[in-house]
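The letters A, B and C name the chains in turn, as written, and every chain counts its residues from 1.
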């Protein structure tokens, strides 16, 4: 039989023991589990960052149980949940919206429960570390084949919390989108996917110059030029480019540079893209 | 047979190859080992931080062999040691005090040896990387069932180095304690555990206001107010709280904020806690 | 049968999902693989840093398939390659020079191919993430025993890209070398190995004082004194030392301090070593 597959995503950081403790707890329950750390250095409390990372990674992971522990509301009324998705995976997290972007990508939620059953938690549940006490044990038990409904009462999927992410808009040859995520290279992921750009610009060959109108909330906008490109190395070192990343998402980058720093791009900044004059 | 379990804690960092090399050396000796990285980004040379992380994590890990490589004295006269604890684990480290806090938590040291036997070291032992040459091989061999006494001469446990950590004191409704550790959220762990607060304040319900007198060494003290709370989300965002963490230790935090930065809390700072006037 | 061994080295960072996705892709192809993260926080685009880390680590790893994903030229004409070395390992990377320092250490390249065969790539190959789409699948298939020549057309090893690293020079009692790498302790690795110092200084006992002439490119040089030492703790805390590290390489350090910061040492700085007056 294949080893059960479990992934972990948290904002616990790597200096503190929390991430390793989740791993230890899982191995205590499911000693044969293959555990992959998706990331433990998600920005603190950044639920949306976590949601995006799951959306990127889960399609490339084996089917398994995936824990998402970015949980600013730990110990309050938010529900601890597990959902099953059409591909067959279980996703385990607080009900704060972190799961649904990935769940949709994996075919949508087919069932959901609130993690209330004591038999599938650690014997003592703290008020500040549900990753250890509730989520990791749930994932371990699910990975061993425990049926979802044993872990707690059923939840109507439509009641699950959804993150507010503004929809990209296309009109009159312009694509209006926002900065969604800045990665460790300083590459900047937008809320829009590749087809939205094709809808706005028509069939633009690589090399087309585009104008980016950058609008911080409540401030005046400024203009930046970039080249619509297949990849980094097709523009000169230090030059900005717009490209479709390896997940199909529109991104801004600077070849071998840090686009976020160079262009002043931060999360939630408004970005309107059109052909350059 | 279950896979042998080994954990690694070091201050080697994650950019350099040292931590991965320890893992490679272990797998060369014990190919079936399940290895967990407790942390490799312990503050450089911070033996006490390492001691605390072991104390937090080991009770949640499967029984196994645990390496603690925070070793500012590498290559000098300090002894490389392995100890067995009552729970059955082996703890492997330099004799600099890093092990005993966790060893006590796991039932106390039942046997100790100095790691002198060449057959259980790498063939060449360097002067600057005993994690690779001595500690990792020792843990791998112990995890395979090699008896402890084969690894070197016995050590009297009472001669093991102990870290000087000031004892918390309770008197006249006050708890005198110190900052022990600042975590990656900026949450601040104190030297005192939960019962010490109950001894100082009596049965204080959550919501009780407490006064913190903060005394840097050799300086004047200053006062801060906090709320005795079950968890972060029971105070407003940005508000300070005193709580018992998920390991039973008293901690200071700011809800969704960085208490260390906001309140100027650093390691070894004196903290006296009493009911607010 | 032993589990196949695969190591990963990249500059992807640990916050983003890229490193974990490589792991997930490998496990989808080779579910029994034992995967070790050599490092994912190599300095961005620093091919030479990656080359050094492989040189340090691979001799301590089990024989296996090793991926090196530091790839500023991703999506351009540089070739994706796999080489076999005399020890039996496969090394998989862009043909940018990252592999050959380690390959030489493992006995030299015995065969090389360009990774062109679609059957051993992911079904869709992006222009910006060959670590996921080409290198990880290649390593996984090689670790399962697929013959190297199946992955693509053969490459003449002499055509592989080599990194320009200046050779150390010994003359008139002086060793001229350069800073190669600054580690996370601030210890500074030089391009020269131990024997070069013995050639320059003769049989110098530990404790010998040495003079370091530090020459930034195009600037005036300055002098620093250090002690030739077996290990850190043989000089006083805060004192500089020259030592042979655990890989046989000459290094500069400050006992329990950060030599790079204290002495102003940066990559590529010229360092000339002689006996102090």
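The definition used in the following text is that a residue touches a chain if its C-beta (ideal position, glycine included) is under 8 Å from a C-beta of that chain, and two chains touch if they have at least 3 such contacts.
Predicted, not measured: the structure shown is a model, and the values here were computed from it.
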Residue numbers at the chain B-chain C contact, same meaning over half shared and different meaning under half, come out as different
How big is the rotation, 0 to 180°, that puts the C-alpha atoms of chain A on those of chain C, in steps of 5?
120
Just give me the whole-number Å value for how far the CA centre of chain B lies from that of chain C.
32
What positions in chain C touch 2 or more of the other chains?
14
Please output the residues of chain C touching chain A within their complex, sorted ascending.
12-17, 20-21, 23-25, 27-28, 31, 44-45, 72-76, 126-129, 132-133
Any idea which chain B residues touch chain A in the complex?
2-3, 5, 7, 14, 34, 36-43, 53, 56-57, 60-62, 183-185, 230-234, 243, 245-246, 256
